[in-house]
Amino acid sequence: MFPFPYGHIRQGSSAMPIVTVQQGPRSVELKRELVKQITDAFVDAYKIPAETVQVWIQEVPTDSWGAAGKLIADK
Amino acid sequence: MFPFPYGHIRQGSSAMPIVTVQQGPRSVELKRELVKQITDAFVDAYKIPAETVQVWIQEVPTDSWGAAGKLIADK
Amino acid sequence: MFPFPYGHIRQGSSAMPIVTVQQGPRSVELKRELVKQITDAFVDAYKIPAETVQVWIQEVPTDSWGAAGKLIADK
Amino acid sequence: MFPFPYGHIRQGSSAMPIVTVQQGPRSVELKRELVKQITDAFVDAYKIPAETVQVWIQEVPTDSWGAAGKLIADK
Amino acid sequence: MFPFPYGHIRQGSSAMPIVTVQQGPRSVELKRELVKQITDAFVDAYKIPAETVQVWIQEVPTDSWGAAGKLIADK
Amino acid sequence: MFPFPYGHIRQGSSAMPIVTVQQGPRSVELKRELVKQITDAFVDAYKIPAETVQVWIQEVPTDSWGAAGKLIADK
């Protein structure tokens, strides 16, 4: 459980962006840093509160993702 | 293999919605109930047959998803 | 601008689901009803506050979406 | 409204794939050909009926999509 | 590690499509064939280099995905 | 047309992330800044080249997106 500090927020209609990242597997440390930095990107670029930003990381194993017609696992 | 009798289907152009849910892990019982109720929402709101609705639940572990710049796992 | 009534919410780690709907174009009235009913589906099935649920409708024109190998616009 | 005769369907658990394409704008002729060929790809690779495959093309304007840190519209 | 042969590519603004497939679990052999054939579909339909196409397969277990209001696992 | 400077890149299997942003409409200037800053977030957090990052912004009008059971357009 955690406190959810959305009280007192007044939002314009374009706030509350949802970010979905498709990527290969990464460590928790890297994902922690990425979520922090992507959120900062919205705070800086859009001037919206960090509390309005959600980041979802979809980790896809290398045998389920490909480029140039080949699975990454086969490269 | 299985028989798939779609040959005689006449489709309205707005039918066959696809629903994707991004969420943290939940029990099968809860997901079963959610799929049923989301499908009912389309039947009621859009007056389309339940058979035309697909619901896909993308469960994301708490170390791969964050809000307010922090992983849910760290909150 | 609108008040955003998230104050006092205490969330479990699986709350805050994001729903994305892919569908053909619909009227505002129908989308209004759908967003209400999908949100109710989460409140009923998961026992989470309506304020934690976001619904995003991606409307796709019938010349950009197909089934059975054919554009819906051509059916 | 339209009849939707899915009542007697027996589905294999892996059938009914949903394909979402994110791309820049293309002509209807090109999208028609793409939907046909992606559907054929599933028929050939997975041996499933074309009727079970849905393809959704999300066209994104060049000022809403970027690579290497720059909008495509600026390149 | 693998070489990434994007050198010398000149891209139009509509190139670099991203394909996301939502499906039930499949074997690596089937996914390998699918990625190859979807990529070929873009090469044939859009006349773009295979190197510009990415395919991401989101495999969803049968207890997290439903049609007609029921989980596939329950059918 | 633009040059695509992917030559000489050697990628680990987790590189080439795809970012999809769901948001309300924003100006080109804001989107330009966001794409730059999200890309920088990956460069900093994951130590991968900016050239490997793609950002797709799905702008959704306020009558097609809701929170707390209501369309943003109605708030």
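All chains are identified by letter, namely A, B, C, D, E and F, in their written order; residue positions are counted from 1 within each chain.
Operating definition for what follows: a contact is a pair of C-beta atoms (placed from the backbone, for glycine too) under 8 Å apart; a residue touches a chain by one contact, two chains touch by 3 or more.
All values reported here derive from a predicted model rather than from experimental measurement.
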Task: State the chain with the largest centre-to-centre distance from chain C, centres being mean CA positions.
output: E
Query: More contacting C-beta pairs: B-D or A-F?
result: A-F
- prompt: Copies chain C, chain D: same or different interface, half of numbers shared as the threshold?
  reply: different
- prompt: Between chain B and chain F, what is the gap in Å from one C-alpha centre to the other?
  reply: 24
Computed distance of Cα centres, chain C from chain B, in Å: 10
- prompt: Could you state the distance in Å from the CA-based centre of chain A to that of chain B?
  reply: 21
- prompt: Going by the touch rule set out above, which residues of chain A reach two or more other chains?
  reply: 2, 12-13, 16, 18, 20, 22, 36, 40, 54, 56, 58, 67, 72-73, 75
Query: Between which chains does touch occur?
result: A-B, A-C, A-E, A-F, B-C, B-D, B-E, C-D, C-F, D-E, D-F, E-F
Field: chain D-facing residues of chain B, complex
entry: 1-12, 15-16, 18, 47, 49, 51-52, 54, 56
Query: Touching chain A in the complex: which residues of chain F?
result: 13-26, 30, 33-34, 36-38, 40-42, 44-46, 62, 67, 72-73, 75
Residues on chain D engaged by chain C in the complex (per definition of touch): 18, 20, 28, 31-32, 35-36, 39-40, 50-51, 53-59
Statement: In their shared complex, chain D is touched by residues of chain C numbered 22, 58, 60, 63-71, 73-74
